[in-house]
Structures are given as structure tokens and as C-alpha cells.
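For reference, the structures are reproduced in the following blocks.
After this come two complexes, each holding chain A, first together with chain B and then together with chain C.
After this line comes the complex of A and B, so read on.
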């Protein structure tokens, strides 16, 4: 997956996790929590969805990389570059 | 309407006050004297120990508010529909279509449970109906007491179904599983949604749970644990295939070519239970508080009882059921003749219906005026909500004097032929002062609530 495809995937996951939010105006270099109503259970949902959809494992010590879209995509790019988008 | 309608003059005199005008001739004053509400033991209690209903919120398979529900019962509208569930396949169920987004976001619905959502809808509707100044109320003095038949089956089945797609890899088991399945979940979701910081918990009481929630709320008000109790029951049971499969294995799941005719307690051709979802929450307050805020009062708890068969996992015991009814009457200081409507628990099973009729025959066999009906014939068995919903369906009788029938009794089982059983058509009666509501459950739990007109 390319960084743009990884971003699309995260948007898709956020759409499930935060269905009441408008994700069109999401600013990539701004923290998710400053823009969306997300709590710790929601971040676990992101981790869980990546595991279920792509078998990507994110250890707890790396959760901090999921702060914003920009940091999330940067963190995931080496883990997901070999995954072919379905 | 039935031919049993009594003269309207009787109805008028029954509504007369305790103090008849002095110029009324003696025989009439005597008549009026006997037509006031029979005194109950609660009359001797201070207002701070008398518990009243000041709000009702509900969702039922045939109505999403108290008025619509009542209207459906009077119009004999069933809420049973064709239904399909994973693994089990085609069956029938009582399905609710309340507006879940009225009080919850889509995210709330995704994270929570159906039982929680049904409870949230019912509790918010009840508070709205009560006229309580909710924004300014001390919510640390609100208690939430919600009866459930079971909880956690739906959520556990969903997770197992999901991990099956991952070769049973438990690393994809949801972190939401525990908060969804803890036994206090439905009450806790109501507390979260409504910002209630007083006590909250569920009362696990099988199918006696709706009454049990109401009883718990009243007890907590009397103990001054809270000033407002949100009490009743909720059910999400139609979303677990296990309940259908288990009733089916027990030969106790209803089938019928016409869904509306499937739930048929007391009918000779009944063949089991129609499982339903639903919720009913009451706002309970002490009479002193209700009077102080000028609340409209929809009924007063005159008596209640819970006891146990201690004889079988599933088979009822009419002796214990009769004892439970009698205990509630004793606590209320009432005679069987004082009860105007008995709302039965009967679910449409062969044994259960007969045993309840045996119990009721023992207590009410000599009563000439009591009317007996059944609400499950319309909506199926709403499990943890059943007792609360069925009481709610009858409470409007205090005002309209109408007894909704038991529908689908085409061939009355002779063993269920109780005097006063209302079948087929709505009956108008000369006045309703006391309603007795039965609700029984597996493992031999029996509950009875008696509500008085105020």
C-alpha cells in the first residue's frame, strides 16, 4: 500500500469507529484527539481493525505513533507497504 | 365492547369523593361509601414511605410510547413479526422499531448493547414523561434499577461468530466485550447517557425481572438511597440465537403461519413462546416528593412480593405462585375481591399457562368482579422487560376503565377457563382501582406487584 492508500484505509476505519464525525476536513498534521471525539477505546479499535483487516500488529509501546494521521501513516508505511490493497 | 359494561351511573358514583353530599338518601350514601377505593395498608404509611409512579417510558413491539402501546392493545394490534437469526434461521419475534438515535449517537450504538439502547430510550422517555426538571435535578440522588432476564449472550455470540472468521484467533476478540457483557451493562449505559451518578445496577431475575426492577426501585426510595428511581426492565434477547434454539429444544418455541397469531396464551392450540425485545422504565418517587413538585401520579405501589418455588429449573409451582400473590395481597392489606385486573404472566406454554391458572384459581376463584388478561398475546415474551411492559399496558385502565383482552384465544383451554378471563374483545368495567401484575421466571422466581389508582 502507498501512503495515500494507507491514509484511505485509516479514514475508512475512522468512519466505522466515529460514525458521527465529518472526516472530510481532517487535518493530517493535527492530533486526532484535537479534531475528533476519540478515547482510549477508540484507539484500541484502530489497532484492532488493522490487526483484523491486515494482520498488522502494533505493540502497546508504539500507540503514541497513532496521534495524528501524518504520524500514523508514517508509522504504518513500512509495515503495510507490501500489502496489496484489495 | 363487551356486554359486561355496567351502568354509567355506577361508573359515575364510583368516581365520587370520599365525602358524599349530606342530602343524598341513605341507600345511596351507603352505596357510594362502598364504591371508594378499598383502603390499603399503605394508607397508614407516611407520604415519605409511599411510592408512586410519575413517569413511564417504553418501547414495545407494538408501540414506542405509553399511549401508542395502549392504543395498540385496545385495537388488538400484534407486534409479532417474521424474524431470521444467525444459525437458527427463520422464526418469529416481537421486534421494536423505536428511534435509537433520539437519545444516542451512532457511536454510542456501535459501542454499547441493544439492551443498553432500549434502556436508554425507555429511561429518557420516562423522565420526559415525568416532567422532572432533569437539567437541574441532583443526579447523585437518582438510582437506576433495571431488570434483565439474561445479559451478555448476544455480545458473546457476536464475538465468537467474528473470531470464527479468524480461525478462532482470540487476539481479534473485542476489547468492548467486557464492558458490553458485565451484568450491570444496561443500567450502566443509562447512567452514562443521562449523567446519573447515583447507584445503578441490574436485577437478574429471569422473566420476573421487570417487576423485580420496580420493586428494587421502591425499596431504595424507602431506604432513602435515592430521591428518584428509574426502575423497570429491558430485553435484547431476540438478538441471541441461543434463546430461540434453547426454547426450541425444550419444545417451547411458538410457530404459526400467521405471526400475529403465534403468541396465544390460554388457547388450546398454543405451542410455545414468541421471544420479544423491549423495555419499560418507570420514574418512581416518594409520594411526598411527587406532591411537592405537583407531579401527575399514574399509580401507587400498594404491595409486592417475590418468592421462590425451589422445586424445578423450569417447571412452575402453582402453590408457590399462589403464595406469592397472597403475600402481595397481605402486604397491601387487600382481599382478592379488591383487585380489579390481574395481568397474567402466561407465555403460551402448555404447562406454564395451566399452572398459573391453578394458582390464580386458588386466590381469585371466588371473586366475581376481577378481570384477568394477558399482554404477551400481543407482543410475545419481552423477557426482562415483560413484567414492566405488561403492567404499563394495563395502567391506563385506571383512567379509561377498559380492560384489554387476551388475543388469539380461539379455543379456550378448559384448564385455563378462569372466571373473569378477558378474551377477544376489550371490556369496559365500572372502575379500576387495583391492578395486580404477575411475572414469573426460570429457577422458580415469582414476583407480584399491586398498583393502586391515585
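After this line comes the complex of A and C, so read on.
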């Protein structure tokens, strides 16, 4: 997956977790927490959805990399590079 | 071989099941009773629908709210706000001799009521609201969690009567401890009842349970009713599976139990004695009256009335007799702001909850049990009509459920409605793959129980499940 495809995938996951949010206005270099009021349970869901959909494993000590869209995509890029978008 | 076996198909077990099935686990929920819901179940009698637990769903929030327990559970279980179809309460009251305080889903009403009746307590009440622990602080490790709520109130609220009045609804709706309340639990209930408030789906608890079960099954989860667990089989310090009442053995990699702390430990075949003194003591009877009018037609528009007939609120198991009728809760499921499309409920309903002693109820012979249901119903209604319009000439049908009924639905020791006073907030047990959820883990009420199932599933069955 390219960084743009990874971004689309994260948007899709966020849409599942927070269906009432308008994700079109998401600013990539601002924290999810501040923009969407995500809490630790929601971050766990991002991790779990990535595992469910793409078998991507994210160890607990790396959860901090999922702070914003920008940091998430750059963290995931090496892990998801070889995944072919369905 | 299941990834997770869940004991009990109440709110917490079903919610945990949804989380695990959503993330592709093989999950089986085992329920001893012939129906789902546990304490918050329902039954049909004489052509009418009755709810067992639900008076009101606490933690009310309007559609689209981002924060708070209701929003959290909707997100976590991938529900829509419409699935719960919550109607707001009309309004509730706390009634003690000579003084009544109204409250609703906006704290300003209670503030203005306090300003009218207890003007010297306005500042203290504001300070109390400011000092409440946040839900995020309620993992149980906050040093203030186990403080005495009464001691905190004494520092802030100068009038003893107001302290008793504020405690009354919060203890009724979620305190497993006699006489006093943990401050952490007080904060949870204060937010749930006074800051967030009450709502109810038009069709009651069925709506919630139906949605939970449909989602669980839709994700491939298995639910087995009439499947009581008689034993948790332990080998080399690990739970390896369960044995059902009929002898069937089911293997699982881990077990999540909503049976209660004492009740779960008793099932483990590596434990010979459990400390039953730690079980909860508080149980109720519920006296249900069906009326030939809507309650509002006889001048009663309250959703819930919490009453107490003296200046001191006694929250303990009855010291003598089957029930203690000095305090009680009146609930009318008619008195919610239902959608015009739903109309009104078909019958007028008044439900009255009274403190009861489980052991004395269970010791009665069958004829005495039936006779006492009638006698205690009459005593409860007689007590309640001191605080509401007398509805007795409108009664067309009645039913009573007792601690014996509650035990049948929940299997909790003593028919303890809110479980044991000492909670296991981290959900762990002596075995590293046996965990607790539900009443004895922590939060109570419908929203609390669902969140308990979610958080224990997340913490013990998803994160560390590799």
C-alpha cells in the first residue's frame, strides 16, 4: 500500500469507530485525540482493526505512534508497504 | 476449543461477546437461565410485558454526544444512536418528609431546587460537583476512590438532610455497600444520575437486549441458554474449560465470568472454600401495579420518585421482617417523553422497589411465599402513596418479584442486586486466564454493565490475547 492508500484505510477505520464524525475536515498533522476526542479505547480499536483487516501487529509500546494521521501513516508505511490493496 | 468462554448472558457478557466476536474470536456465552438479560431481563404474564431490572437507563446522552459512557459504548459496539431509541425522562424527585427536590437531565434544575430548599448549601453543592472524580480516574487506583462518600459530603454540605437526600437515589441505583458508599462509586452514580440523567427505550429493556443478541449472533458468536456452568476445570494453575450442569465439557483458552466474585471462585475446582461473608447483602422486592389510567391522568407525572419517610436514610438489609418499607423507589415507565410516533404505553404502570431480605424470603414455604407476596405488595404500596397520588382504586393487575426471583435470574448469592461491596476493578482472579466482568468487577446499571464487559474484554481478552 502507498501512504495515500494507508491514509484511506485509516479514514475507513475511523469512520467505523466514530460514524458521526465528519472526517473530511481532518487535519493530518493535528492529534486525533484533540480533533475527534478519541480515547484509549478508540486507539485500541485502530490497532485491533488493523490486525483484523491486514494482520498488522502493533505492539503496545508503539501505540504512541498513532497520535495523528501523519505519524500513523509514517509508522505504518514500512509495515504495510507489501500489502496489496484489496 | 473456544478462544473465550463467557459465563452469563447479561448485559456485560453480551457486550464482551460482541467485542470478541467482532475481532474474530470464537466465543461462546453460557447462560443458566432460559432467557437472556440477567438482572435486566423481561417476562410476559397475563398478556403483558414486564421488565425485571430496568426503571431507567442512567447516563443519558443526546445523539451525537462525543464523550461519556453512553457514547463510548455505542462506539465500541458499533451501534447507532437510533438502536437504543432512548426517550428522556419527564422528571424525577427525591421526597423526604416535608421537602421534595426535583431533578432532570440538566443539573441546573437540581441546583435551583437546592437553592430554594437549602440556600446555605449552594456553594457546597457547587464544590461537590467540582470535586467529582472523572470517569477516567475510576480505574480504582485513585486514592480517593475508597474514601467514605459520607465523610466527603460532611465536609462540603452543611445540612445533614440534604446529604441524606443526595445519597438516597445514588445508593438505590448503584450501591452494593450497606450504610455508606465508596466515593468513587458515588462519583460514578452522581454523574450517571444527576449530571447525565435518565432515559428509556419505548419498549424497555427488550430493545437493548435484542440489539445486543442480534449483533453478537451476526458476528458468529454462540449463545447457549439453559446451560449453567457447574464447574470451572483447572489444571496446573490455568482454567482449561467448564463443565455444564448436564455434564457437557467445553474447552476454552480463557474464561470471562459475570457470575460474581464469590460465585465464580466457588465454581473453580482448585478452590474448596470461598469467603461467602464477602457476598453482597442488598436485595429488593418489586411491586408492580397495572392501572386502568395513565399515571399522568391521576396527577402523577414523575419518572422516578425516591422516597424516605424520616430525615435519616437507612440503606441496609432489613434487620427484621421480609422488607423495609421506610424507603423505596417509585417508577412509572409511562412518564418518559416518547416519540409521538410511538404514542403512549398500552397500560399505566407503577413499579415500587423496596429493600428485602433474601434469606427470609427463601425460607418461606410455598403457600407462605405466595401470601407474603400479597402482603408485602400491599405494605409497599401503602408506604409509597404517602409520597404520590393514591392510585389504588385504579389497579387492574399486579405482580411482585422478590429476592428469590432475582436469584433465579442472576444466580448471585443472596439475590444481591448490586453484587459484592468490594469490587475487583481490575477483573483479575487467582488464575491468569480467568477474569471477571459485570456487577462484581465494577460498574453497575445497564450502561455500567455493558462498559464492564467491553473494558474487561479489551484488557484481558484482546490486548494480551496473542
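Criterion: the second predicted complex is superposed on the first by the 86 of 86 C-alpha atoms of A that agree within 3 Å, B and C clash if a C-alpha of one lies under 4 Å from a C-alpha of the other, contacts with A are read in each partner's own complex, and residues count from 1 in each chain.
One rule holds for everything that comes next: contacts are C-beta pairs under 8 Å (C-beta built on N, C-alpha and C of every residue); 3 or more make two chains touch, one makes a residue touch a chain.
Note that the coordinates shown come from a computational prediction; the quantities given were computed from them, not determined experimentally.
Enquirer: What is the contact status of A:60 with respect to chain B (first) and chain C (second): first, second, both, or neither?
Expert: second
Enquirer: One more residue to check, A:25. First (chain B), second (chain C), both or neither?
Expert: After superposition on chain A, A:25 lies in contact with neither partner.
Enquirer: Please tell me which partner, chain B or chain C, touches more residues of chain A.
Expert: Counting residues of chain A touched by each partner, the higher count goes to C.
Enquirer: Thinking of the overlay built on chain A, is A:52 touched by chain B (first), by chain C (second), by both, or by neither?
Expert: Both partners, chain B and chain C.
Enquirer: For A:82 in the superposed arrangement: first (chain B), second (chain C), both or neither?
Expert: Neither partner.
Enquirer: Could you look at A:44 and tell me whether it touches chain B, chain C, both or neither (first, second, both, neither)?
Expert: both
Enquirer: Please write out, lowest number first, the residues of chain A touched by both chain B and chain C across the two complexes.
Expert: Comparing the two interfaces on chain A, one with chain B and one with chain C, the shared residues are 16-20, 37, 41, 44-45, 48, 51-52.
Enquirer: Which stretch or stretches of chain C touch chain A in the complex?
Expert: 23-24, 63-64, 66-67, 72, 75-76, 78, 80-81, 136, 454-455, 458, 462-463, 466
Enquirer: Give the list of chain A residues in touch with chain B in this complex.
Expert: 16-20, 37, 41, 44-45, 48, 51-52
Enquirer: Which residues of chain A touch chain C in their complex?
Expert: Against chain C, chain A makes touches at 16-20, 36-37, 39, 41-42, 44-45, 48, 51-52, 57, 60.
Enquirer: Any idea which chain B residues touch chain A in the complex?
Expert: Of all residues in chain B, those touching chain A are 105-107, 110-111, 166, 171-172, 174-176.
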